[in-house]
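The block underneath contains the structure these notes are about, expressed in C-alpha cells.
In order of appearance the chains are A, B, C and D, and numbering begins at 1 in each one.
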Amino acid sequence: MGQITRFGISMDSQLLKRFDSFIYHHGYANRSEAIRDLVRDRLVKGEWTDEKVETVGTITIIYDHHQRELAEKLAEQQHRAQESVISVMHVHLDHHNCLEVLAVRGKAKHIKTLSDNLISAKGVKHGKLVMTSTGKGL
Amino acid sequence: MGQITRFGISMDSQLLKRFDSFIYHHGYANRSEAIRDLVRDRLVKGEWTDEKVETVGTITIIYDHHQRELAEKLAEQQHRAQESVISVMHVHLDHHNCLEVLAVRGKAKHIKTLSDNLISAKGVKHGKLVMTSTGKGL
Amino acid sequence: MGQITRFGISMDSQLLKRFDSFIYHHGYANRSEAIRDLVRDRLVKGEWTDEKVETVGTITIIYDHHQRELAEKLAEQQHRAQESVISVMHVHLDHHNCLEVLAVRGKAKHIKTLSDNLISAKGVKHGKLVMTSTGKGL
Amino acid sequence: MGQITRFGISMDSQLLKRFDSFIYHHGYANRSEAIRDLVRDRLVKGEWTDEKVETVGTITIIYDHHQRELAEKLAEQQHRAQESVISVMHVHLDHHNCLEVLAVRGKAKHIKTLSDNLISAKGVKHGKLVMTSTGKGL
C-alpha cells in the first residue's frame, strides 16, 4: 500500500442513514471501506472497455464430461491460449457435471475471445467471464 | 433537501488519483457528487430485491406497429395495469418501428409482471425495464 | 416484416421442459417467440459495443427540481445534443422529485456521453441508460 | 444426456441472417447449440432469484496479502462456511496482489452472504460472484 489521503465528503443526512444501514448489513467495517469498494468496482468496469489494457479475469464453465471429445476440445483451446491461462481449478459436481474455473491474464480482447470459444463449445452448459483486475493502482 | 452531514474518508493516493481522473472524464463537479452517485446507485439496486417496496421504473419497448393487433394488445395490457402506468411516450422511429416508453410506479413485483407481459408480446422486438426509484430518501 | 424462414433445432427434453415452463410463466405465445426474443436481446447487446453504429436508447433520470439551477443545466445539455434527443417525457413524482425520460438516437458514443453528462449533474439522484435499437433488421 | 426433442421455429429471414453472423463470430457449431446457450443462460438467471434452490457459483477476489490479518480473516470466513466451499484456487499476481477463486455450492442466499463477507473485508480490492448452476436439468 502506498500513501493514504484523507478528504471530506458531504452527504444528505437521510441518504447517509440509508448508506450506514447498507454498510452494516453487508459487513463493511466503516464508510471508507464501503466507499473504496464502490470506487474500485466502478474503475474496474472502465478498465475492460479499453481492450488493450492488460487485465485479469476468471472464466467459469459447467459442462458434461460425457459429451464426446469435449474435454479434449476444451483442453486444446486452453493450450492454444496458454500464455493467458495462469491456472485451472476443476470440480466434479456429480456423475455428469463438471465445474471448471480458469484464472486468466492478458488483454481484454484476448480474454474475451478465449471465453467465447470455451462457452460456445457443444456440451458446455453454462459459462461466465468475470472481469476483475491485476489489482495494481486499486 | 434536508440536513447535510460532512465526514472524512481515507483512500490510497494512487486509487484516489485514478478516481479523480474518472470524475473528470464523466463530468462530475467534485468527489462528493461522484461518491453520492455510486452510493445511490447501489442503494437503488437493493430496493428492487424487496418486491414489496413501492418504486418507480421505466419500460422501453421497440415494436412493429404493422404487426396485426399488436397495438391493441399492448394498449389493453397497459390499461389492465393502469394504476401502475403514470404516463407513456411514443416515438415513430421509421415506417415500421415504434419506440414506446412507459413511466411506471408500484410494487417491484407488479412492475416486473407488466414488463414481462409487454416484452413477451409477439411483434415486440426488444424491451428493457429500468429499475429506478421514487427519489425519496436518496 | 420480410420473409419468414423455418428451421429445426434440437434440445435435451429435460431442458426443453424447463424452457416451456419459463415460456408459460413469462407469457410468451410459443417457443418461436421466446427464442426470437433471446436472439434479439443478444444481438442488441452486440450493437452497442460498436460505438459507430447508429442506434436508439432511452435515458431515465430522477432529480430534485428544487436543486438550484439544475433544470436549466439539464435543459441546456439536452439542447446542446439536440440532434440526438427525439423527445422527452417529464413526470412529477412528488413535491420534490421529477422523473425525466429522453428518447435518444445517434451513435452509441454520443448517446453515452449525453447520458454521462446528465447523470453526473449535481442534484440528479439516479439515472440509467437503456441501450435498445432502431428495430431495423431485428 | 437424456432424450433429445426436435422442434421447428420460425424467424424473420433478416433476423436469422444477423443471428447466423453472430453464431459464426462466437464460434458456435450450429444454430441449435447457440439457441440452447441462450436458453440455459436465461434459465440460470431465474434459478438465482429463488434463494432456496441449491446452486453453484464461483467467488473471485483480488486482495493485497500484505494487508494485516487479512489472509487469516478470509480463511476464517471460509471455514465458517465450509459446508458451502468446495475448493479454492489461489494465484500470486505480483508481489502484493493475490487472486483467489472459490468454487461454492449451496442455497443462493448463503452463497450471497459468504460473497458479501469476503468482498467487504478491508484489503479486498475487488470481488465478483458468478452465479452458475449445478448443471442438472440444463
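Rule of thumb we're sticking to: a residue touches a chain if its C-beta (ideal position, glycine included) is under 8 Å from a C-beta of that chain, and two chains touch if they have at least 3 such contacts.
All of these numbers come straight from a predicted model, not from anything done at the bench.
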For subunit A paired with subunit D, centre-to-centre distance based on mean C-alpha positions, whole Å: 9
Inter-chain centre distance, subunit A versus subunit C - centres from mean C-alpha coordinates, in Å: 26
Junction residues of subunit B, two or more chains touched: 1, 40, 138
Chain contact graph, described as a line, ring, star, complete graph or other shape: ring
Pairwise chain contacts under the document criterion: A-B, A-D, B-C, C-D
For the subunit D and subunit A complex, residues of the former touching the latter: 1, 26-29, 33-34, 37, 40-41, 44, 56, 58, 60, 62-64, 66-67, 86-89, 91, 93-94, 96-99, 101, 103, 105, 116-117, 119-122, 124-128, 130-136, 138
Interface residues, subunit A side, partner subunit B - complex: 1-16, 18-19, 22, 31-32, 35-36, 38-40, 42-43, 46, 137-138
